[in-house]
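Each of the two complexes below includes subunit A, the first together with subunit B, the second together with subunit C.
And then the complex of A and B:
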């Protein structure tokens, strides 16, 4: 377990995380404007990758093609895939989601699942069930050595391209008129409409942007792993959605943070032995203890109205957190109890449970310090992260972008 | 109403319910006898048995998806829990041969326990989180079954599951399994339809319509949802146990995400919140593809006396599953857009999903008018 090993894992974690982020941004933007989980987004990503790759295969790039021409073909394939995929995203919204906008959310989600199944099997019908292989000639193979670890040029390129795209997206959302319309639509669609914003156009635009980002992500994945299969998008879509929830759904920086955390968690989780991973749990435990004993009681006390604020009451709130679970459970089962105390007690029990679990895991991992998870458990790790985050912080790392609605 | 489909369904709706229940039950009982008297190939009996498993699953999922309005996308994971509990406790793998009833209890109980574990983090949250958590849980379950080789033998699966022995009756013929399943289907359907009209069922429906209003009317949302999830998980576990006995061999490929989606399609197609709908959906989606395939590969060639369009036949033999899923996807989208209440709708749900349909409103108004005039009982 050397330092360059850890560094290499970190770089590949960041690379995968950036790709997740490109997909997760689409999820989170659509969720922001429509409160809909666009289930078909994973398939849009696959189709983007398929279109770009098959264009390159069709042109017939090989090792003899001069570099300048390679770059031109590369750009052409990417452009074609972006345009067609964006069109597909636009059509999906138009055909499958717009007629259902007034109906309940579960109905729209079902429609999204139907579209996803349709597209996935559509790929099989058009391209066949075998994976599509990226022509190796276009993939940069060079690498550089940093701290003794070999970093592929492609990894650096992926990270840089993603950063540029995220910068562009931030500019669109924060700096343009359309971005302003997007933010207004996600806050309150009806009010935005009354202010003269074309919400239908804005929603279509959101789908187009999200699909374009997913198409680029698909192309990058095809370059990074060398091939794509018709069901690749299912797992990537699921992971990217997990990342979006992890960072706080509807929150654009959150999607990026969540994706990076997920990418790192996956790579560290199966690449490092448990003795090192245990330190992450120790860090988590310290954070959890800080929350339980300092931050949470203080924010509860701040909620007490001025006229009820007495030292005894403040102490009662603090005690719930401090002597959990004994006091907290006693409060929960008391005959008549104060609402704030009751909520605090529930919160305290949850926090205590989280801290106990974290401490237990840390001890367990230290004991089995030499063991390493087999790489087949990689996906299980990321879903376990999702379950854990929903259990203890459902609004995600950076918090949800929930607007007050009356 | 102008829609011819509604006119027919309204005309059929005037017959009392027991007529339909009786007809369906009579058909279900007579069905295996056709095979016994040589009127039907064993293939169809096997199909019927599989359909009954799907009926159990659809009725179970309907509790969550239809009655409570929660989208559950990992239903097959609980089915897998039941099936693997059975396979582990009654096969040569660990040299165990537990009693049928004990296994049934363990399989159902384990599935319920897992339902509880999934429900705890997700049910306090908004509805669509449940969809993702259950989906993720389904994937975790499948990967665990694939990877935990000391317990489940990984992708190789568990072969040689012993046939159940029910008070000395060894169930090992397809027809016997069919009847065993039918008994369970009847019990579960009776149980669920009573539950549906009980206080609990009303609470579930209230939550589906408006969670905040239900909460303020004294329904505890988390507890009621938890009950629905746990009960439907139990039904899936039970179905899984019988499925494992019937199949005698299970491996993780029986429990793919697509299976969960197929069960969701059954409930949606039949009509969410309607038990006859769930049964119809299961029968339609499980039997129709097989009937189409048989029509082109066996019946038509036999009738014509020669090979019938060899190209179509070859396509149906090899690529049928692919097109089947393509059509499933299309059917879901078209159903939710054009007929979200399903084929055999539950009246309350129809009113809810088509809130703004003026014809429907007119119909309801007419209904109320008829009621006030004393022409008709008010039915909800």
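And then the complex of A and C:
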């Protein structure tokens, strides 16, 4: 296990994670304002890539095109794709979601799945079932060597472009009037409407922004992998949706964090020896121990009402965490016990179990340090990470941002 | 919002369209010819199902199969069984190459009343569809499903006109060893066909004291960065991918971009000229080697005539396994003539005894339904190809 190998996996994981993030942002923003999973988002991503690629094919870029012209064509293709895809996102919301907004959420969800199937077949009708191939001349092929690993210029470009876009999005949400309207709409649509915010316009704007980001993602994927197929968006949409849930659906920084975690899990999970992965469990164990012995008892004690707060009671709460499972189990089986102690005891037993499992896995992995997961487990590992995190943090890594969900 | 009136107009329009379409289909279904009085020739049509993949990742294979069968249907129509001259009517259905769709397609074909089915295209779909055809007693002849287990599960209705993966896998592994490879990556795409082939390749390499690193991809994947990093760390002399050309192109492209210098190889799944496009340019996969599960076309008695007919009919060169599908229809017709019956059960019985002179040579089936090679033989029968200048060139 060389440093070169680890570094290569990390850069690949970050690149893929950034692409997931561009798509996941669209899911999470729409969820933020409408509490709707826009299942057509994966197809919007594919269409964005198709439009940009077919523009470049139509212009006829080849190896003889001078660099300045290449950059201009590149910009034109991207601009055209962004505009058309944003328009598509606007139309989808207007046609498929707005008329159903007062209905139950299941109906809107079915409509979203319908739009997804419709768009996927639309791509087959317009572009055919065969993959569309990005002209190789526009793709930068340079690379740099870092620690002996080969990092492509394109990978660095993807990471930088994504970071810039995320910065711009943060500015829009935090620093503009429209962003303020988005945050208000996501907190309480009716109240926002009463305060004079045009929520329909705001929701349309959310779809436009999300679709534009997905279009850029589609273009980057077409550049990175060289081709796109009509159903590429399905898997990407699923992964990005997973990433959004992992980070906390409706939470913008959460979508980015979730995407990076997913991208890294996919690459590290099947690329690293178990001996190295074990350190991740050690880190998790340290976090778990901190939580069990410091953070959780403190937050419980803060919940004690003033009139009941006595040193003896505080010690009882701390003991439940500190001496779990002995004290905790005793408390659970005691004949009469108060509600806070009871809940804390259950919590403490769960935390202890999690820490024991983490420690056990770390030991197991250290013992089999030279083994590697077969790459067929790639998707299994990603979803195991998702389930493990959601089991202990049901609202995702950064949680659903209750105050400002956008 | 639309007004009520528009809604009513729309509903009316839809209703009219529905009635019209019903009327049209009603007119179209009457085509049986009334037999004349005694002595005249009695004609009838027999329905043969074509269960293939016209869309999805293997659409080009499916196109070759369907077009070859259309030519075959014209060539073989007009055979006589029990005093009746039969024309062949093909019922072509698409399963997208997906095992999940295959049983649905199988049931549709059975409901259409076909007496035999040519297909499926892929081994995964064949495994899924076989029980349905078995239950309905319909014979199934595949020109391209090469997974060994298909004929070994005891289904008496399954036959194939292509060679099995164990023959091909051994040939592919032996070829890598012949080239002097000591460390070999064997990667499959986690479907019935590619896993079976990869197992045979790995066994052959290990039997020759080669070191094997197994990797897996997944059909539909575009990102192989984890596998590429693993392969790069292993430093192999050859990378053998047993899946299909789309994933192969992407994998080889990402290996080239990661600076892995090695010999790319694959099975018949990558033998499509489209692999160059998928790899971001033919130069990325120049010199890639592959084997093929069919017989060498160069040794086939009727291949030139068939290829010319295919080009006349479609304007394109005959794709992979086109001739296997053509001959598959040939053996079915021969079986019907042999038994003097068009009943599915008789066709199954007939297929066991058939000896058919087709495009590929003289074909017969052994007791489990595998095509028997004239004069026996093993991996030396497997043809080898090299990808040169954007197309696959026969080398041996």
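Everything that follows uses one rule, which is that the second predicted complex is superposed on the first by the 386 of 406 C-alpha atoms of A that agree within 3 Å, B and C clash if a C-alpha of one lies under 4 Å from a C-alpha of the other, contacts with A are read in each partner's own complex, and residues count from 1 in each chain.
Assume contacts are C-beta pairs under 8 Å (C-beta built on N, C-alpha and C of every residue); 3 or more make two chains touch, one makes a residue touch a chain.
Predicted model, so just to flag it, every value in this text is computed and none were measured.
Asker: Could you say whether A:379 touches subunit B, subunit C, both of them, or neither, answering first, second, both or neither?
Answerer: both
Asker: Could you say whether A:115 touches subunit B, subunit C, both of them, or neither, answering first, second, both or neither?
Answerer: After superposition on chain A, A:115 lies in contact with subunit B alone.
Asker: Looking at A:124, would you say it contacts subunit B, subunit C, both, or neither? Reply first, second, both or neither.
Answerer: Touch partners of A:124: subunit B and subunit C.
Asker: Go through the superposed model and pick first if A:308 touches only subunit B, second if only subunit C, both, or neither.
Answerer: After superposing on A, A:308 lies clear of both subunit B and subunit C.
Asker: With both complexes overlaid on chain A, does A:279 touch subunit B (first), subunit C (second), both or neither?
Answerer: In the superposed model, A:279 contacts neither subunit B nor subunit C.
Asker: Counting only touches as set out at the top, which of subunit B and subunit C does A:104 meet: first, second, both, neither?
Answerer: first
Asker: So, does A:290 touch the first partner subunit B, the second partner subunit C, both, or neither?
Answerer: neither
Asker: For subunit A, what residues appear in both contact lists, the one with subunit B and the one with subunit C?
Answerer: On subunit A, the residues that contact subunit B in one structure and subunit C in the other are 124, 129, 374, 376, 379.
Asker: Within the complex, which stretch of subunit A touches subunit B?
Answerer: Going through subunit A, the ones touching subunit B are 37, 95-96, 99-100, 102-111, 113-122, 124-125, 129, 234, 238, 241-242, 245, 374, 376-377, 379-380, 383-384, 386-387, 390-391, 394.
Asker: Contact residues on subunit A for subunit C in the complex?
Answerer: Listed in rising order, the residues of subunit A that touch subunit C are 1-2, 4-5, 8-9, 12-13, 15-16, 124, 129-131, 133-134, 136, 139, 141, 143, 150, 152, 221, 225-227, 229, 231-232, 235, 266-267, 269-271, 372, 374-376, 378-379.
Asker: Provide the residue numbers of subunit C that touch subunit A in the complex, in ascending order.
Answerer: Residue list for subunit C touching subunit A: 55-57, 59-60, 190, 214-218, 220-223, 225-230, 232-233, 246, 249-250, 253-254, 257-259, 274, 277-281.
Asker: Would you tell me which residues of subunit B are touching subunit A in their complex?
Answerer: Of all residues in subunit B, those touching subunit A are 69-71, 73, 120-122, 124-125, 127-129, 131-133, 135-137, 139-140, 143-144, 146-147, 257-258, 261, 264, 268, 322-323, 325-326, 328-333, 336-337, 340, 352-353, 355-356.
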